[in-house]
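Note that the chains are named A, B, C, D, E and F in the order they appear, and that numbering of residues resets to 1 at the start of each chain.
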């Protein structure tokens, strides 16, 4: 799939590009959006969903970025780690915070597997 | 592997059980530890590593639990979701926070795959 | 592992190369086969299995390619997405079909994780 | 998280339940929705997204269910395999089709890993 | 899918059951085969492939079982961990060997994620 | 994160670098360590854990490397496959052994998914 640049985009896609640039206060969109623009319906839905999900709520937007990175590292998505790593930096993630994030992600991946291998039964108090 | 109860444990394992119960202020250990007790070396190392990783630092212990859950959900580890869900509740996770956590985890898993499928190249500004 | 070119291949490997080229009506084999040629036994078994699995049956060969891509995207296998994306194009996959494929793959990855996180019990009518 | 039954649901949640039951022509909703009802915002977004994604388009709704199952099997989501397996059956999936689906999913998971292990470079003609 | 018992199986399936029981010197087959029997073509291919792959070669059959378990733990396949765990025990896996296997599997899952998160570039000497 | 070269490292990091080079009898450390050096606490813990886990025990160090590769291939970690592939070669892995390793890893990934898709129940004799 090719990346769709602003000048080659349909009016529908341009409207999403404009909204992204306005709300994020940037003057261009990332490759993720230029790729998704090949399917304007999914692009629009994804943009709307991300705004609903990643904004401030009970959890801080920075915490949400850390969670996003934790998932992306576990899935091995290099693009996502790079782009949300930058987003997290913009929202205040320090080197030390990143180090702690990685330490937790690493340990969780390790213990998740230990649990599977030892076939640990859920304790009665944790039963749903 | 069988779960090793306190009364059946070696002195080495009992010492770890005692330390877990003392530091967590509980009167028994979870099945995870009773299973790991089959390999005292890994058990001891894991307990020491978890204390180093999950304690207070630049990130709040609750935030670390949320990150832990995000990984465990992505890996589909039911035991880990259940036990760290309980730990997160103990550290202050509300229903609303859990809902937001799940929303971010869901979206990240979705967009991680969109990125892979569209083979989105890393933007120059995100290159390492 | 090095890629084994036709001229450097053993008779056993050449026979598989010839069969692939004849059945696919192409004049060279992909890197996948040149890599697998390092282990002729696995190469031969894989080629025979793929013919059995990917050919026409109750499911259309194009539908099988879409399923293949869905798995490859979920596993993050760039090579597989690229090569089977091309195969699917050859069998009739349009841009719109690819967009819908990605939308389903994205949603399934999202809802798979929501199910795990909320620990949703299987409904009685879906019990095996 | 508890499952929220219709009679205990808020008006907002009831409206989604009613819409699901009306559009799917069923008289109750699955546990997935009763669990997601703990977060009405995510529930509503997910229901709207699924309607957009899983309906008829360039791909047949049955093909979309097969793709959904392929992802769910790869992620090991038992609930999703069970519920979307039933949905696929309702849309015409035969035993033979299911068998072919599984054969493709199995082979794709095998060859995805062979590609990773042999570190197969993307062929020039498949470069994005 | 239902499990197909010997007495309900077709002649084609019975022949595979008989071969499994004869070669493994057991008087019944596991549920894996009874489930796969729903698709005799895949069942036969899988049985033939497993014999080719899991038998003695440059690697010891026990080592192959350990590798199988390592994959199954990483994928979180409880059935596979249970059945190949038993197979490994039959081939000589001790408690201590299982403990070391799990320790390696856990560490590899941890460091795999650290590598992803830190986006570690492949060293020149490891370039393919 | 940048790679931290020896001459730019803190005394704490240099001590770990020195220990790695001395014990592995090499004159430089891999990029993995140069990246982890951004978080000296995690770096030190990981180095100590790896020594405990990967050394000789009931399992041969080469077998441990094979297990490590099996996990890394399943997770799609290119760096880990490359670096531990080299380590395994140093410990005696032949081309034929690598081929057999990949064949097992491929089959396990395939059958893990068949088990999930067919929802195979654990046989009574394998119940924990």
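By definition in this document, a residue touches a chain if its C-beta (ideal position, glycine included) is under 8 Å from a C-beta of that chain, and two chains touch if they have at least 3 such contacts.
Here the structure is a predicted model, which means the values were calculated and not measured.
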Exercise. Starting at subunit A, find the fewest moves between touching chains needed to arrive at subunit D.
Key: 1
Quiz item: Across the interfaces C-E and A-E, which one involves more C-beta pairs in contact?
Solution: A-E
Quiz item: What's the call on subunit C versus subunit D, same or different interface residues, using the half cut on shared numbers?
Solution: same
Quiz item: What's the chain with its C-alpha centre farthest out from subunit C?
Solution: B
Practice problem: Please report how many Å separate the Cα centroid of subunit B from that of subunit C, as a whole number. | Solution: 34
Practice problem: Using mean C-alpha positions as chain centres, tell me how far subunit E is from subunit F in Å, no decimals. | Solution: 20
Quiz item: If you average the CA atoms of subunit B and of subunit D, how many Å lie between those two points?
Solution: 27
Self-check item: Contacts with 2+ other chains: residues of subunit F
Solution: 1, 38, 41-42, 46, 49, 52, 74-78, 82, 96, 100-103, 105-107, 109-112, 114, 116, 118-119, 121, 128
Quiz item: Can you name the residues of subunit D that touch subunit B in the complex?
Solution: 1, 38-39, 41-42, 46, 75-77, 128
Exercise. Name, in rising order, each residue of subunit A that touches subunit F in their complex.
Key: 76, 95-96, 98-100, 102-103, 106, 119, 121
Practice problem: Going by the contact rule at the top, pick out the subunit F residues touching subunit D in the complex. | Solution: 69, 73-74, 76, 78, 81-82, 101-102, 105-107, 109-114, 116-119
Exercise. Give every residue of subunit C touching subunit D within the complex, in rising order.
Key: 1, 3, 30-32, 35-36, 38, 42, 46, 49-50, 52-54, 57-59, 63-64, 66-68, 70-72, 74-75, 77-80, 82-83, 85-86, 94, 96-97, 100-101, 103-116, 118-123, 125-128
Exercise. Under the touch definition given earlier, write down the residues of subunit D that touch subunit A in their complex.
Key: 1, 41, 45, 49, 52, 128
